[in-house]
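Two complexes are shown next, each including chain A; its partner changes from chain B in the first to chain C in the second.
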Partner chain A sequence: MNKVLKSEIIRTLFIRFLSSLLTLFLLVSFLFFIIRLAPGDPTDKYVSAKLGSELSERIAEKFSLNQPVADQYFAFVSNIFKGDLGVSYNYRLPVFNVIWEYFSFTLIFASISFILQLSLSIWCAVWVVRKQNKWVEKFTSNFSLFVYSIPAFVLGVTLIYVFSVYLDLFPISGLTSLDHDGLSFFPRIFDLMHHLILPLITLSAGGVALFYKYAKESLDEIKNQTFVVNLRASGLDENIILKKHILPNAIRPLISVAGVELGIILGGTLITEVIFSLPGMGRLAIDSILSRDYPLVIGCVFTAGAVMILANFLADLVKLKIDKRMIKGILN
Partner chain B sequence: MKSGIKIIHWIIFLWLCIIILRFDLIVDYLSLIFNYFGLLTSDYSAAIAFLNFGFVDASLSVILFILIIPLIIFFRKRLQFLTTRLNFSFTFLILLGFVFLFAPIISNENPEFSKNISVTKLLPPFSSVKQLELNTGEAQNLSEVEAFRNELERIIKPSFSNNIILADSVIIADQVIYYQKNDRFEIAKKLLLSESGIPIIKNKFFLLGTDEFGRDLLARLIYGTRISITVGIGAVILSFIIGILLGFVAGYRGGILDISLNRFTEMFLAFPVIYLIVLILALFGSSIFSVIIVLGISGWMSLFKIVKSEVLSIKQKDYFATAELVGLNKFQLLKKEIFPVIITPVLVNLIFLFSNVILAEAALSYLGLGTGNSYPSWGSMISSGQEYITKAWWLIAFPGLALILTLFTFNSSGRLLGKAINPRIKQ
Partner chain C sequence: MNNKIINLLLLSFLSLLIIACDSKQSTNNNRIVIGISADVQTFNSLFAFSYEESVIADLLYPGLLDFRWNTQRGELDIYPMIVESWQWSNDSSFIKFFLRDNIFWSDGEKLTSADVVFSYDVYSDPDVQSRLFGTFNQLYTDSDGLIDISKTFKVISASEFEIHFPENSIVDLVEVSVPIIPEHIYSNISRDQLGSDEVNFDPVSSGAFKFKKWDRNQTIILEADSNSFLFTSGQVAELIFKVIPDYTSRILQLKKGDIDLVELVKVEDMEDLKAENNLSVINLVGREYDYIGWNNIDPKSFSAGMIKPNKLFGSSNVRKALTMAINRKEILTEYLLSQGELAISPVSSIFNSVFNDQIKPYEYNPEESKKLLTQEGWTDKDRNGILEKGNEEFIFKMYYPVGNPLREYASVVVKNNLKSVGIDVTIEKMELGTFIDNLYDRQLNSWMAAWGVPIPLELKPYWYSDPNIGVLNFACYGNSKADEILDQLDARISNERKNEFVKKFQEVIHQDEPVSFLYWTPNIIVYNNRLKNLNVTPYGVLAHCWEWTLNE
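Let's look at the complex of A and B:
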């Protein structure tokens, strides 16, 4: 029995992995064609009165832009499988290097926010459930909905106004102060945190509200189930019931939400990075789209997609680890 | 019948408020429409040339505004929900609806009007400036067409006018002296529009202040509401059509179509869609139509999933098999057997979709990829307000508040409806 289950799990995960790869491949092809179909030519900006179209033709030749689209596509796909995303037009560097430089920031930023969201929201939900006060519940429910309804850019700009302009507590934008490089280790970390507090609040507020809603609903549902009533009837301490029996059961449905939430965070970093002009992948993507840096755009969207697909895969793994019965739901 | 304030009372209250505050404007609009029909019978081609968006928009608004109460009375049997009790969401929803439908009546300002920027630039809320009007020299015997044109320009404000002078302060002496910031100007009395020899000096009042080009923030907010709601409705309808049709086909037929659509929805659901939306809009140019289409196409996946799973379960039911045997075609099956069952979960989904679309539109406008500069939009107002954040808080506060309240209203009504459908979640 155990062996059968194990082989079933391995098979399912394998298919899941293959379908993830297929999704990624579809995404890249979709991107390639949509960018080629769009109006506008990256060599246009090299046409000048002095040189005529000579320079632009040379650029087109250098980057193989004058070849048929089908050839470009096949070269592109084979390069992707070799792990080569091309060379950025603007930075004159391999796309991989450019993205890595910016993506590392986004990754750290998003992870901190993700951990913050999960811990804060579950803590809040447990606190409210423990209070057992109808008015507190009503207030937090409406308040969380209100926070969830605040768009990231409105919240960000408001925070900048209140804390940076009016109270002058935090810097308006950027990641480091001017004298950052001259500082020793701990002041450096402090400087970074000082710059990151407002962006973190902006990015996390909506997610905290969303997770809170799910955590609260799931806690409420578990709380009223018969096994909890049984435990209570047998005279177990209320705190132990909450910690050992309700909470582990209630967190389970949150995992699949967490996978989706990662996508929301990644989209959210795009806006947050633009508001606070942080050196992340979202801003890189916007800048490269506006300057028609095709390889970099494809690289950014590819990275975002790859991260998402990886995250969902991990979420499925965690789900399986917690409850093996979930195997049915994974493939669909 | 429960007592308390009902939705219908709120509607009538708003309607009466607008009538009292804007009575002369409504009369003006009506006379304009009346004259237009006169012109249409006498000079057809000239009348057609006058048809522009502002005029048609204003006429439709006024006609609907007058007809709305008789219509409600006439259809009162169908509109039973109007007698439910008023709560916060309904209050705001109906306010939004009024602003959306009757924007030309509620705001008599052109949202793009800017003149004498040095005077009107970045005025705080509740400020006012003096307005002088130049005498255009009324000719005595105008032709019918020219008279109509004058009336049209008087009532439906253009985005620029040479005949209006805005000033900080005005002194009437032998000449009329007015100040724009520190500059002193003089103008002869007879050049101004006057009444029994004394020039008319109006007070131009800005309830919510002005932006960096001296445009009235309230008017921009009101017209921005229309953009948000238009984009929301358009995109939601598009998503609804795509989601229902594909969901029905995938659930009813199954097979290869079902599998490929499933992969496709997985791809989109697992992806930070904003990257794709931004990419497509940046590449193909952004206008109100492209925003509607892109947001509509990127929103149908959750709807597809709901419809598909519902259709799969309905397909097993006896009544559905009977309906098939009776010989209803696919469209009738969808309309008569499936639609009534799925309408409630779909409705909840559509409400959330609507708030998502409004949020996405505002975010796109904030990034500069929205509906363009021809119309104001909440997102672009916030985005341009960010530059003046140290000087003018109202540029961000009011559009931000409008956005938050709209999203909150839609989210909370969606959640209420969801709770009513799914009783497992206790209040």
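Let's look at the complex of A and C:
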């Protein structure tokens, strides 16, 4: 890569970084006004028969909720530039501290699911393409469509009924068993896996089916292209053709989808988190919306937005790694 | 080669899976697991605003006195808690309290009078904004609600102190007793930082259970504190709150034996759970009732600062007619499977000494309802099936918050019932936050909601005509006779007189029917039969759970 191209890449990445920050800023600013325009008051819950409305008025004052919205916004913006999204009304802690407690689990959970989705779907698609059996193709195609059309909450509840209630193989909910702390290292890992298998299946099933469809279509398209036919005619081993020539080309469109899908998985964890009582950010976001915890709502959206932008960026970098010819498209 | 690696990985994964599936569950049976729907956000009693938080805080931080529900009289009996005894002064101007000798905080420090004084000071501090702020009207306070410590408390020794009351103040010991927090822990923290300090997540307590572990949105583990004055040798070793937001999951885990107790079980699941050999069911009725609110005044005029009677619901006869037109028993029988009770007034039958059993409910009677409406000038002159009075047709929207199947069902019954007497109702669902906001602004004409009834019984905030006092009087009900009675209840009178006033108040309310009282909804509690000594009362399911034991 020549120097000009390198500096062009750095310049473009910098611009992209700035535009991402601007996007996030606009997103949280828009949200700031939208949630305040929506009906509902975060201090309503402090009014009760015993307390009257005095406490709610004092709490409104403490969190500057009685200030004009414009003043609140300017304070919010000046805090943002200090890297501070404010204090959660419910938790009375800095928003980032609260989010980190929950986001770390969601990030790990979604990442495992994402890796599972990609690897399983590609492995499955390659296996079906290699088999070259019409019945197998038909079955997998229909089955993936069937799996994709099952809503996560139906799948989750069904898995619980079958595997937890009737077969008693897995726990119904939770991340660890009550005796988790008393276990040694390996049993702890097993315990965690034991609890995460059904949630992972619930979260990943739809994605596996989706990626499988993309991967299969892409593989079918590439394997019939002239360059592959030429390679085959030159007597190259079928395995080498698949691994070195078909797969890298077929995987490209999948990566674009994967970038978007990672964001969707993060959003989709909510249902799984509720069904299996897992401690993730989805539940935190919903609770904060319902209780009108404005700073926390903004913090959750900010985090989700940042992850979405980052995921797309990473997807582009991976595409670039796979095929350097794509650099211009990505830079543009 | 690659295939071999993949196969090896798959094999390892499957082996791990089998081991994981085979791993035996807990062997520690000396614990009780309670299923809850939402996690706590703090263990600090000062900020325990949610139901779950207050239950746990009350377990960790006992107050001066203990309260137990007396089913016969329908009121609270008072017993000593962290105090051994107390003595009223001859002129009732103060109480002298004697702390127990054997009270220690979970970190080994002794609980003293200083902790008590500090607790009252912090709870009432306007900078702290605690859950009890503004509730110390019977003590000496300044204009901001902060207790005047020098006037209110007289510390005699580490285990003796007096609480003094202003002249003519009406002392309710239930209000006087607050959960006591440790001074040596909280006094080192700036008051405005009390809500966010790390100490809130590793509390030092004095109750029968102390904090052991908290996995956010997973479990809260409390363990028996052998140093606590409440500790007994038969006490369970651990009390675990398991956060399970999904209702179906809670029920499945209850059946499976993963959890021992669940509150607020749906009526439709009751029979199924009763059939389980390992489970028992308790139905507590009388702490919450559903009602249809009729705004007694015109919302638009209210916004403009004027009070005008509501065109549709301003007359008590119309409101009575509406109640008579609604078949409440049908909802009670069909949806609540007769597990609730018909509501007549805001006082439930559990409050035996004040419940007025002479009042007869308005029976479902569409004909009588029509007659009353005709008397009030509502007739169907144009024969379009809807009543009119002048140019006004009897058409309105009724709102209820989303996510409540009972109200969804009831609203359809109400709509059909009212249609049959010539009233056209459109049912609208509303998001809970928006709904509450509209109620506070008195902007809804008609709505369906519920009220929880506090113990001790509180009526003034719900029914007093002055909106600054009747902050929860969303129906904008106003009757000078009712106000007078409510004022009398605040005066220094005997309990017998008080009871008479409450009975009288129910008569006034019944006469005015400010809202249509529907039914007292059940709180169904299901627990595992291995739990013994449960004393579940309307005052609280877990109020004395340290006395629970387990079957051998």
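Brief remarks follow.
Quick note on the criterion: the second predicted complex is superposed on the first by the 316 of 332 C-alpha atoms of A that agree within 3 Å, B and C clash if a C-alpha of one lies under 4 Å from a C-alpha of the other, contacts with A are read in each partner's own complex, and residues count from 1 in each chain.
Quick note on the criterion: contacts are C-beta pairs under 8 Å (C-beta built on N, C-alpha and C of every residue); 3 or more make two chains touch, one makes a residue touch a chain.
In this text, all values refer to a predicted model and were calculated from it rather than measured experimentally.
Within the superposed three-chain model, A:V274 lies in touch with chain B and with chain C [touch as defined at top].
Judged by the touch definition given at the top, the superposed model places A:L290 against both chain B and chain C.
When the two complexes are overlaid on their common chain A, residue A:P248 makes contact with neither chain B nor chain C.
Of the two partner chains, chain B and chain C are each touched by A:P39. Contacts of A:F190 after superposition: chain C is touched, whereas chain B is not reached. When the two structures are aligned on the shared chain, A:D179 is found in touch with chain C, with no touch to chain B. Touch criterion met: A:S53 reaches chain C, while chain B stays clear of it. After overlaying the two complexes on the shared chain, residue contacts for A:Y102 are found with chain C alone; chain B is out of touch. On chain A, the patch touched by chain B and the patch touched by chain C overlap at residues 38-40, 157, 160, 165, 274-275, 290.
Taken together, the chain C residues at the contact with chain A in this complex read 16-17, 19-21, 23, 25-28, 31, 33, 38, 41-42, 47, 49, 126, 129, 131, 133-135, 145, 195-196, 213, 215-219, 221, 240, 242-246, 248-249, 252-253, 255-256, 258, 431-434, 436-438, 440, 454, 458, 461-462, 469, 471-472.
By the touch criterion stated above, chain A contacts chain C in their complex at residues 38-41, 44-55, 58-59, 62, 87, 90-94, 101-102, 157, 160, 164-165, 168-179, 181, 187, 189-191, 193-194, 197, 274-280, 283, 287, 290, 292. Note for the complex: chain A touches chain B at residues 19, 22-23, 26-27, 31, 34-35, 38-40, 142, 145-146, 148-154, 157-158, 160-161, 165, 217, 220-221, 224, 260, 263-264, 266-267, 270-271, 274-275, 285-286, 289-290, 297, 300-301, 304-305, 308-309, 312, 332. Of all the residues in chain B, the ones that touch chain A in their complex are 262-263, 266-267, 269-276, 278-280, 282-285, 355, 359, 362-363, 366-367, 379, 382-383, 385-386, 389-390, 393, 396, 400, 403-404, 407-408, 411-412, 415, 424-426.
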